[in-house]
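The next part holds the structures, each set out as structure tokens.
Below, subunit A partners subunit B and then partners subunit C, in two separate complexes.
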Partner chain A sequence: MKLKSNIAISDSGFIFDPVSGDSYTLNPIGKEILSLLKGNKSDKEISDFIFEKYDIEESIFEKNYYDFIGMLSHHNLLEEL
Partner chain B sequence: MEKLKYERPIINKINAGVPDKFGMKVRTQIMPKIENHSVKELIKNYGSPVYVISEKIIRDTYKEAYQAFSTRYPKVQFAWSYKTNYLDAVCKIFHDEGSWAEVVSGFEYNKALSNGVSGSKIIFNGPDKSDDDLEQAVLNNSFIHIDHFDELYSLIKISNRLKKTAKVAIRVNMDAGIYPQWDRFGFNYENGEAWNALNRIMLSENLELVGLHTHIGTYIMTASAYGVAAAKLADLAVRVQKKFNHTIKYIDLGGGFASKNTLKGAYLPGKDTCPSFDDYAESMTNALINSEIEPDKLPTLFLETGRALIDDAGYIIGTVLANKRLANGRRSTIIDVGVNLLFTSFWYEHDVLPAQETSQQTEDTTIYGPLCMNIDVIRAAIQFPLLQKDDNFVIPRIGAYNMTQWMQFITLRPNIILLGVDGNVHVIREKETSETFKNAEKMPKHLDKK
Partner chain C sequence: MTKIKLNIGVTGLNNTDNPGPGVPVIRSLRESKDLDVRIIGLAYENLEPGIYMENTVDKTYQIPYPSSGSQAFLDRIEYIHSKENLNVIIPNFDAELNTFMLAEARLKEIGINIYLPTLEQFEERSKTNLPKFGEKYGIKVPFSKSITSYADINNLRNHFDYPLLVKGKFYDAYLAYNPEQVINHFNKITAKWGVPVIIQEFIRGTEVNVVALGDGEGNTIGAVPMRKQYITDKGKAWGGITLGDEKMLEITKKLIKNTKWRGGMELEMIKTINNEYYLIEINPRIPAWVYLAVGAGQNIPEALVKLSMGMRVEPYKSYDIGKMFIRYSYDMIGDISQFEKLSMTGEL
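Up next is the complex of A and B:
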């Protein structure tokens, strides 16, 4: 999973896609995940990071994570594989 | 180190600040408790979903409505519209507050009797009264509101046969400026049909004309329509007085006040747009007081208010079954309340409120019921926070019509509980069981092979 390199993320969780001109908002966890993706972290590294920091069951996070990735893909924010 | 509270990661596209069909982003209201009762506890004890009715809200709403009228007009009588919610416990609360009963079928009529309402405090409306129903109503001195000429002639026959005077009113339909005009019930005012019916009644030996009735429609957003209706009925009363020297005892302006629910497609929430009891009362009572009816002959004002008296007192609470992503990327949340239990979701945008803390992040969401049918949509488009499977929610303001128009479909009807003013929770209708259905079914012999 790789974020398109030209996507800009602000500290407040605001993102901008210069190609489409669309902008988006993220909640804090969304922003953390996006930053990790931008840093080319793997799915495993990302989930380990989240489990370390947040109180959440693995199965719930996994569902939410793939749903989130699905939305990034839906908005064309990920590199085509 | 203690771990942080988790919330689901989400991303929302920004649409240049224009409100779309999902509405403007608003702060999510949550509802962990109804009065002093925790929603989670109620579900644990009484199942999910479960209907919840607040006795206190019924009583408070009734008092507010009664006060709006009684401070403006000398003689006011409410009659509880059974069809709106005819759970016996609910009816009894209204009767305890002073309401009579307004019924539209033999079934409802007998329910009112068994709730201890005397026959002389029952108003019998509707196009479907059998001869047996009419006979019972005549014998009990109930107020029979005649809907059509066939019924008028049946009643003449029945009262003559019983040699007993029937107390009657006619239902009048009219142009009160409301669209659509309900002209399928009663006798028309403008074309003279109502006047003809009144003349026919006045010439019948065993019919006593006591009242005039109309019900101009439901969820009426313009209070002034009631002023028009009241003036037209007052005009009929004046003409009856002149021609027959006969005084009409009451004018019944039916139901139809809007509840604070938001209609589908409405731009603003219902609680900001619907008239208050005071607005309706002002319009009606002004019209009556300013009419040509002589002051000492002012009729009693009857009201058959339904939804506006009970909607706010009812809730349905339930559980999230699943979240899904639709093909177009939109979130969908499936809950255990379907349109079969929430009939009014066909015309209202019901609020759906989380019963636990959620993040303030919301997403464009469609909320579906569990019915395996495409029409089972509770909210087509709502800004909704991120509820997980097994989270609970409250749908408020559903007390009217849902518990009478509900449909049994693929599962059984749930418990209905009353939060009593005694502080206790009472089951007032038990959830149905498989036996409920099995007991009513019969197996033809030739199919009953093992």
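Up next is the complex of A and C:
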């Protein structure tokens, strides 16, 4: 999973896709995950980071994480594999 | 550095919810670092807002619609020239472009420069010729047909799926879901713009546009892509944002190179969900949203004026991505004496 390199993320959690002109807003956890994706972290590294930092059940995290990735893919924000 | 003084005639001062490019063109020229412009507004109607706006025109003259005869039209331009010593005219109204193109040599002789596409370029890209244009230059265009009568509407089902677009030869485009709606739109459009009416395949996707300037030798002097973010019920952009879309720039540069386009243009395209680009229209003039390009770093109207004066212009190499424009409406207070003066003398 890799975020397109041209996607801009601001400190406030605002994302801008310069090719489509679309923009999105993220909550703090979404922003955190997207920043990790932008830093080319793997799924494993991201989940380790989240479990380290937050008290969350693995199954709940996984469901939400892959929903989020699906949403990013739907909006064309991920590099095509 | 001393600025170059120029007297520039500008049409298209209608700054309504279907805005002409005149006012944004004037704003752009007034921001030029190299040109010191005196703007002569050329107005068709007495209530074109640009006539009355502050810091817009220095003087306005009424001109007759080209449909009233090109001789009357050119006589009026020559009269205005005798008073104002025009260096350049920037035509911004589709229905006048043909008249200006035909008169280019005559205007040049008396010292007025215009910078428009050649008649051949103008005809080639017209809505009725767009399919051939796409084929010739290897650009995807939606399937389209010109129709001139009700009888043609019945045959549409053999060539199109509904919905389809019904377009006027200069302006207006409506989506129709059945033949009855086509008849309605056909009547509306022919009453305003005459025939032919263009029927175009409806491509689903996002409308994206490029404002560009070609130097007539195949070079792109400026190009800025934009996506409309807010569209009026007339299909006009009320808000937009500059895009960093290399594919759109590539299509634009290829088109300008192959056609050797001369002058300003607006490419209207649809980007599908499969990232395919369909060219739906080429407007052979600067569009009303040109000031966004200026805000993004490319003063296209200024470059056009310089080219028309035979000056050398270096192509713009970049622009800011993510610049936005948002239109607004604003009530100005005028006085009947202004309206009276323009109505009675044709000048203000």
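Keep this in mind: the second predicted complex is superposed on the first by the 81 of 81 C-alpha atoms of A that agree within 3 Å, B and C clash if a C-alpha of one lies under 4 Å from a C-alpha of the other, contacts with A are read in each partner's own complex, and residues count from 1 in each chain.
Operating definition for what follows: a contact is a pair of C-beta atoms (placed from the backbone, for glycine too) under 8 Å apart; a residue touches a chain by one contact, two chains touch by 3 or more.
Note that the structure is a prediction, hence the values are computed from the model and not measured.
Because the two structures share subunit A, they can be overlaid on it, and in that overlay subunit B and subunit C fit beside each other without clashing. Using the contact criterion defined above for the overlaid structures, shared-chain residue A:Asn64 touches subunit B, although it does not reach subunit C. Judged by the touch definition given at the top, the superposed model places A:His75 against subunit B, while subunit C stays out of reach.
When subunit A is checked against subunit B and against subunit C, the one touching more of its residues turns out to be B. Judged by the touch definition given at the top, the superposed model places A:Asn6 against subunit C, while subunit B stays out of reach. By the touch criterion defined above, A:Gly21 reaches subunit C but does not reach subunit B.
Between subunit B and subunit C in the chain A overlay, the least Cα distance found is 7 Å.
Against subunit B, in their complex, subunit A makes its touches with residues 15, 22-30, 32-34, 50, 53-56, 60-61, 64-65, 67-68, 70-72, 74-75. The residues of subunit C lying in touch with subunit A in their complex are 206, 208, 226-227, 229, 241-245, 271, 321-322. Residues 6, 8, 16, 18-21 of subunit A are the ones that touch subunit C when the two sit in their complex.
Looking at the complex, you find that subunit B touches subunit A at residues 3-14, 323, 325, 329, 359, 361, 388.
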